[in-house]
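What follows are several structures.
You will see subunit A twice below: alongside subunit B first, and alongside subunit C after that.
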Partner chain A sequence: MPARLRTRLWLACLLVAGPAMAAERLPFPADVLNPPWVEGRQLEQTLDADSLAVAHDLQFRDQQPQSGINFRHQVVEDAGRAYKAVHYDHGNAVVAADVDGDGLPDLYFATQLGGNALYRNLGNGRFEDITARAGVAVADRVSVAAAFADTDNDGDPDLFVTTVNQGNLLFRNDGDGKFTNISGPAGLDHRGHASGAIFLDYDRDGLLDLFVTHVGVYTTDKIGPGGYRIGLSDGFSGQLHPDRFETSRLYHNLGGNRFADVTRSAGIEDNSWSGDAHAADLNGDGWPDIYLLNMQGHDQYFENQAGKGFKRRSRELFPVTPWGSMGIRIADFDNDGDPDIFVTDMHTDMVEELPPAREKERMPHNYPQAFLATDGRHMLGNAFFRNAGNGTFRDISAENGAETFWPWGLSSGDLNADGFEDVFITGSMNYPFRYGVNSLLLNDAGKRFVDAEYLLGVEPRRDGKTATPWFELDCSGPDRTHELCKNRAGAVEVWGALGSRSSVILDLDGDGDLDIVTNEFGSVPQVLVSDLAQRRPRLNYLAVRLEGKKSNRDGLGARVQLETDRGRYVRFADGKSGYLGFSSMPLYFGLAADEKAVRLEITWPSGVRQSLDAPIDTRKTHRIVEAGG
Partner chain B sequence: MRRGKIRRRLPVTGMAIALLLSACSEPVTEIQISGHDYRWRMPTRTGDVSLYRQTGSEQAELWLPANRRIRLVLNSDDFIYRFEIPALGVREMAVPGVPMMAELHTPDAGRYELTGDGMELKGDQMCGFRHQSLKGRVRIAAPAEYRAWLEAQGRLTAGTGSATGRGS
Partner chain C sequence: MKRAANPHRWPALLLALFLAPAAVAGELRSPEHPDPAAFDPAMRAAVAEARGQLQDAAGWARLGSLYLLVHANAAAADALHNAATLEPREFRWPYLEGIALHRAGQAAAARHAWQSALTRDPNYAPLRLRLARSALEAGHTDAAQDFLADARATATGQELAGEIALARGQVKEAVTAFTRALELAPQANWLHVRLAVAYGKAGDKQKAREHLKARGTRRPEISDPVLEAVSAARPRDVASFLEEAHAALSRNHRYSALLAFQAAVRMDPRSVPALLGIAGLSLGAGRKAEALGYLQRALEIEPGSAEAHFYAGLIQESNGAAARAESHYVRALPRESARYRLARLLLRLGRAAEALPHLEVLTAEKSATAVRFYWLGLAHLAMGNCAGAAAALDAAHARDANSGEVIAARVRVHSSCAPLDGPARARLLAQAQRLYQARPDAGDAETLAMALAAAGEFDKALRYQQQALAATAPEAPQRPFLAANLARYARGETAIAPYEKDSLRLRPPADQYSSPPAP
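Take a look at the complex of A and B:
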């Protein structure tokens, strides 16, 4: 048969058979493409807007298509066609740091399959992919968390990445946009079910130490497509199986990018099913303590013993915690000068599915006691521990609007520049669940949080999307026994709900207001750019970038206090930027109507106290170098 | 005054103890329930009893004897399941390798059969992936009727082999 005729026949076949071969679109659950409650929720927030006292004169717009960020998070099959309830659905980090020293924050996205991605900030909200030349793709492993910090005090951020039982990684920043994998020599290549990673200088020797949380064994030895270890079918009962426990690990920085595991000697051995942790000086003694989350049990609190180790004081100070803690942010939310604790609880929200209209309610009951495997003293949702200032904390989450549904983790930042830290909480469970929103909680003068995701353009998502193609099935072929192929034939394209996991709040376009970037689960990021600076041409803010000398170079552990004629604001340099994320970024102070700052006071982790007095320029980033270095 | 109070309390305390002793001495009927591939089954000495009609019903039907102290022993062969009978105050989990127990006292038989209504059996895989086949009804039967049902299930099991198979 002549080639021309063959081509024509092929084209004719395609024309005839093409429509018949088109995959059936199967939304799962059925209303995931068009949830009936979205419109009502939007209307509710919009109608309430006029009565709000908290500033809300800003809008976010998802600029991902224009940003140059084309990264797409890819999930393992356990979260797709072979779905099972296992910890893979916890997703991955997005983190920020100025990796090339040009003064602009760059972004790093982690994924389960397909390779992580590093994007260089070109300015004006544009980014370019520099993953290949930076050498940080980690495409052969299933990543989880990421952390930027200057581990060798050479002035540039290094990168630590955790993986699912494939060995963690430390990349040294060589200062020219390239990174070198030094995991083995650094002593940080431990294999386990690692999750969140935070840097802190627990002994205040000027070198950043590392704390890595471990979930516990939730995988088998079987390898699935893409090289991931297939998850256990009963992963969420791990708290009942001591043989699956893994200890979170504290690594002491010995200098020269060498670390030693000091978990046992420092008295911080703990087998919680921990996905993340946060360091903060919670008792005000000048030493960073650690609040460790437990996603299947009680949270733990380890009090720093003047750098010599840690003492567990969990139940003493926090007798009631969530059972399913997932994300944490510690900040001075009420501007009284001390750190408060906001914990998001995902797993309690899995007890049963609350209908959308009841999402702000607590779960009516918990799991059976035998399954909890604790003393049963848990709040049934997010916790907000207000620091009473006398070394004690009181949960006020039932009063201040901190509850959200299906939350992963949170980021905080003064999004409306009124002087109070607002909160962005990632949410939604993706396939096979209904759509869940990301929450934006505006901080109303430290008294309560106001739901504003629909009011400020975070929801609905761009083009009103709530779902995305999740996987395909051949119901006439190898997938005919799949549950979703029942009574179906041919190609089926299953659509699942969209959902975010990690987030970072930063001024990505340098205009003075704070923007939000997410890492989605199985989709492209959201690049939510704020228009606050455009709406308020004389936006009052000030940012501070610390440079330690005697202290660690990032100044982690520093307390920075800014005074204006009308207020006093405190920010803590702790690096925690979102769920599974740890970033290196300036501290941001919104100043409301105050055009002038009268005093800036820094208490460095070395103990050095340093201050700047008026005139202090606002609307700029101040680089503060530790005195006496 | 104090003595009088004690006198008044004594009969109540005595009744409570008597009730407690009675409850403790009441024989317990232990029933195994196990989750397997998104379905419930009852492992017995003679074989697995399916909670699904042999005609392939997707709704489970759990039979329980009336007026009995029942101990449900819950297990799972694979996933983590929720097992609930809200009307009887049962809320438990079925977890592989870790038996969970729930005790209840069943009400009169026929009370529900008269209306043709049973009690709701709720169940799903933890984390909310709902499977219709994990839901169903609880039927409270008179002891003789319960025994007959159980024997019939046993005969079916003996005749047809395992009753747990499921094509999903």
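Take a look at the complex of A and C:
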């Protein structure tokens, strides 16, 4: 066929299916729809994959459309058409727990507008929305974080949700996946600019206590669309305004789902601009300590004084911390038996926008001293504090590849089942910034982290998407004064970058490998399902679900050590599952080539030591009940 | 090489051929005109004028081009369609119609408009490139190849040829095309990514790595005179020139900004913002007299212009005409920067009591910077209010712990008239020592000597005071003060005052924050 005729025919063919005239699509920034750097980044990561020592024989695939999860996170206007640099852009949690006792992890997504959502796991990676019957939508408030834990030791996970100055919520699980709001009677309905929440048994009395971090005042009294409190226009300089400080709060569990605020008497009053925290026994004395993040200043470390209270030892142990700490995960990353600390630093990455090719570099300079409002001793990026084993920590982030750009928080899990905890870091700033990637760092035998998000199918996202419709403007109507309407007329659909906030790593389809679920900002979740179990029919792993008797029912604070012929692995039951998220899930041990486990030893928070000796079945989840209870 | 046609395409293509003419047929359309209230005045006037002259193709084309400029794409497409219908030989109108449709998300209709343009002028390279890219994006590499034709002589054409080759799995051809594109446009460093991809697919990892290292984000550009003519025909008014000038200034393109300000003045000789813009640029270039001339013109038009008074004050102050400067600053007073300059001028003139209220206003805000508190401290010192000075300097230090001048002044005050005790005094001494380590000059030696004396270390104080004295010129006015303090240290007494009377002898703290002194 002659070329001329061929092209005419092709054009005519396309004309038949032409869409109707739509609003003008306005990508902002201009290259957010087709970032010119993505392919180079992908190639850089995959080019030499063959020579990598760390196992990478798996791929993730976003199966959100098939999962039945149709939740869509909705942002307030301060993060959309009325964008301002205020803390609403920190987004919301996704958390996991078996809420109905069927043995499968269910998922709870929080949002700013439109109501949170609880999805029941039907098995095989399928979910159903049970929010309405569970009664946990919280549609009348702007939620932030979520935490599942068994607060009344009755064998099912209860749910705590923080909100932006609209009162926090405790939902008691009535045992069948239905929840009752008991916030007021529980004494947990405080109104403030609450953020992350973690449960811990700080006095080891067998009842889970609650620590709630507070950012500080970043809202006005004016109410915006959807009922949210409109943010301050200078919210990002809150650390300069002592009148805006709010202390994070420690609530002591009195039993019977009643809590008392013991912040002051426990010596943990602190005005850090804090979004999250992590409990862990960092000094090995058997009592959980608290590492409190400060997103606009120095982090704080509170050492547990044998359950009687806390002592601030921040600058002694951590003289230099990130200035903009956002997320934290404490785990034994190098398999030496003690906990190491990985802290992500988002706010330092707001000093300037690094070009994509330089994202693994540290930020070259910091804010002016007058803005930092500290003694100036900060690292400019993520921190990785390696536990030296003698009660001290050393930051090795410059050596082990822990740096990432625009990170929110992190989740860890042994994604390649090689025995070492890998890390998934949510990233990207959404509108009005360029697209940023989520990072997947494979742990190469505790020595370094290897960037693998492109290698393992986490990036590019499904269908190569980097942006989504963010908001619409009527430039010939009420929006004509909007800055994006300048010399524009008619309907405009503004597209902004995609970006994740919270994540949780879990075996959602019960096939033995670990999957990843995200909560996005202004979009639908990613349900990243791993095919490791399908690629490795003899996948060696073991999971442990703890059931405390004398200790708290969830076993939070327990240390679990697994020995094989070739190695020793330690996991800490701490519940921290991702940015703003706290979950109730089994502890997962990847066993690499070890098909047998020879010893499992649990040190319960009660002090009870308990062990199982070979034969211990692998490729299954063990339920371990505390002895002597 | 001749390619075989795909027999499975024929039924759909024949159907499409049957349907196509109906869709192609052109009738005049009635655009849904956008509300002109959203446009700037010049554009509003131009659109109104164009809407009154729609009797021929040129009139519709003018209106369509204007709508393209304001992104009213649906209306632009309709207007340009009418122009194309009325002038069937002109390729520009369907070409621009295609651009409007493409922007509106109507990819297929855009392609159709471009195809119509192609029949009118098969040689316009940007048109062929748009069609080729469009076909490639739809997965039709044969059609893309056909459209490309002679347009491959450009970097964009070669890039597209490379993409077509890649899509066909012809990696060698892709490497050749991308290499040629890079030769034609060496600044388009994004092409290195494409070369790396091509080499990666070809199995040459070394070459792929080399190109990845060289990669950037700049894509090849192509000149499109038709679209450029549309942009050039944008109606202008003073506001648009001012906008252009400010955009140029934000990129530090001062000459472009000056040209835009001048154009605004030509259009409206009474435009105060434009006159001020020229004055500011002249002042920045050191042409004070010229700047003052523009400011005077601005003040004749708008006598109360705070900005004009402020600039005039700056010029008069730098000319040494303090009284005139003061007069201008006072008339610019709602402006915070004018209050700051006025306070500093009054301090310099020895009128601290008059400066003080201004500095108190400037430091009343929560966001007040260290430098403002510093000058407040100096004003208090000049008036003999040591406690007030100490409080202000403490506030300055709390806001900027690294300013050498703030540290020096604070150390002097707390080492003489507002002494500290215990750990606070030890910290003060440590700061003085760090300051001296970082800046070992006479002034900071003197400051350290004061701190040492305050801490009871008189032997060391004497040594540093002698050093300061030795480095001070014999005729320097502060010598008697230095000598008096030397004698006091010898007697075991602290400094008599932070500074000699009536001479603050201070440097302003850096407006840029300095690095912390070495620990």
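Worth pointing out:
Just so it is clear, the second predicted complex is superposed on the first by the 608 of 629 C-alpha atoms of A that agree within 3 Å, B and C clash if a C-alpha of one lies under 4 Å from a C-alpha of the other, contacts with A are read in each partner's own complex, and residues count from 1 in each chain.
The definition used in the following text is that a contact is a pair of C-beta atoms (placed from the backbone, for glycine too) under 8 Å apart; a residue touches a chain by one contact, two chains touch by 3 or more.
None of these values were measured; they are calculated from a predicted model.
In the superposed pair of complexes, A:P368 makes contact with subunit B and with subunit C alike. Contacts of A:E353 after superposition on the shared chain: subunit B is touched, whereas subunit C is not.
Once the two complexes are laid over each other on the shared chain, residue contacts for A:H241 go to subunit B and to subunit C alike. Number of subunit A residues touched is higher for C, counting subunit B against subunit C. Look at A:D48: by the touch rule set out above, it reaches subunit C but stays clear of subunit B.
Shared contact residues of subunit A with subunit B and subunit C: 237, 240-241, 368, 370.
By the touch criterion stated above, subunit C contacts subunit A in their complex at residues 5, 12-13, 15-17, 19-20, 23, 34-35, 37-40, 43, 67, 69-75, 77, 103-109, 111-112, 115, 131, 135, 138, 140, 142-143, 146-147, 190, 192-194, 196-197, 200, 205, 208-209, 212, 215-217, 219, 366-367, 369-370, 399-402, 513, 516.
Of all the residues in subunit B, the ones that touch subunit A in their complex are 76, 78-80, 91-93, 95-98, 100-102, 125-129, 167-168. On the subunit A side of its complex with subunit C, the touching residues are 1, 3-4, 6-19, 21-25, 31, 36-37, 39-40, 43-44, 47-48, 237, 240-241, 355-357, 368-370, 375-376, 475-477, 480, 485, 487-490, 492. Residues 83-85, 89, 233-234, 236-237, 240-241, 350, 352-353, 365, 367-368, 370-371, 429, 432-433, 481, 483, 486 of subunit A are the ones touching subunit B in the complex.
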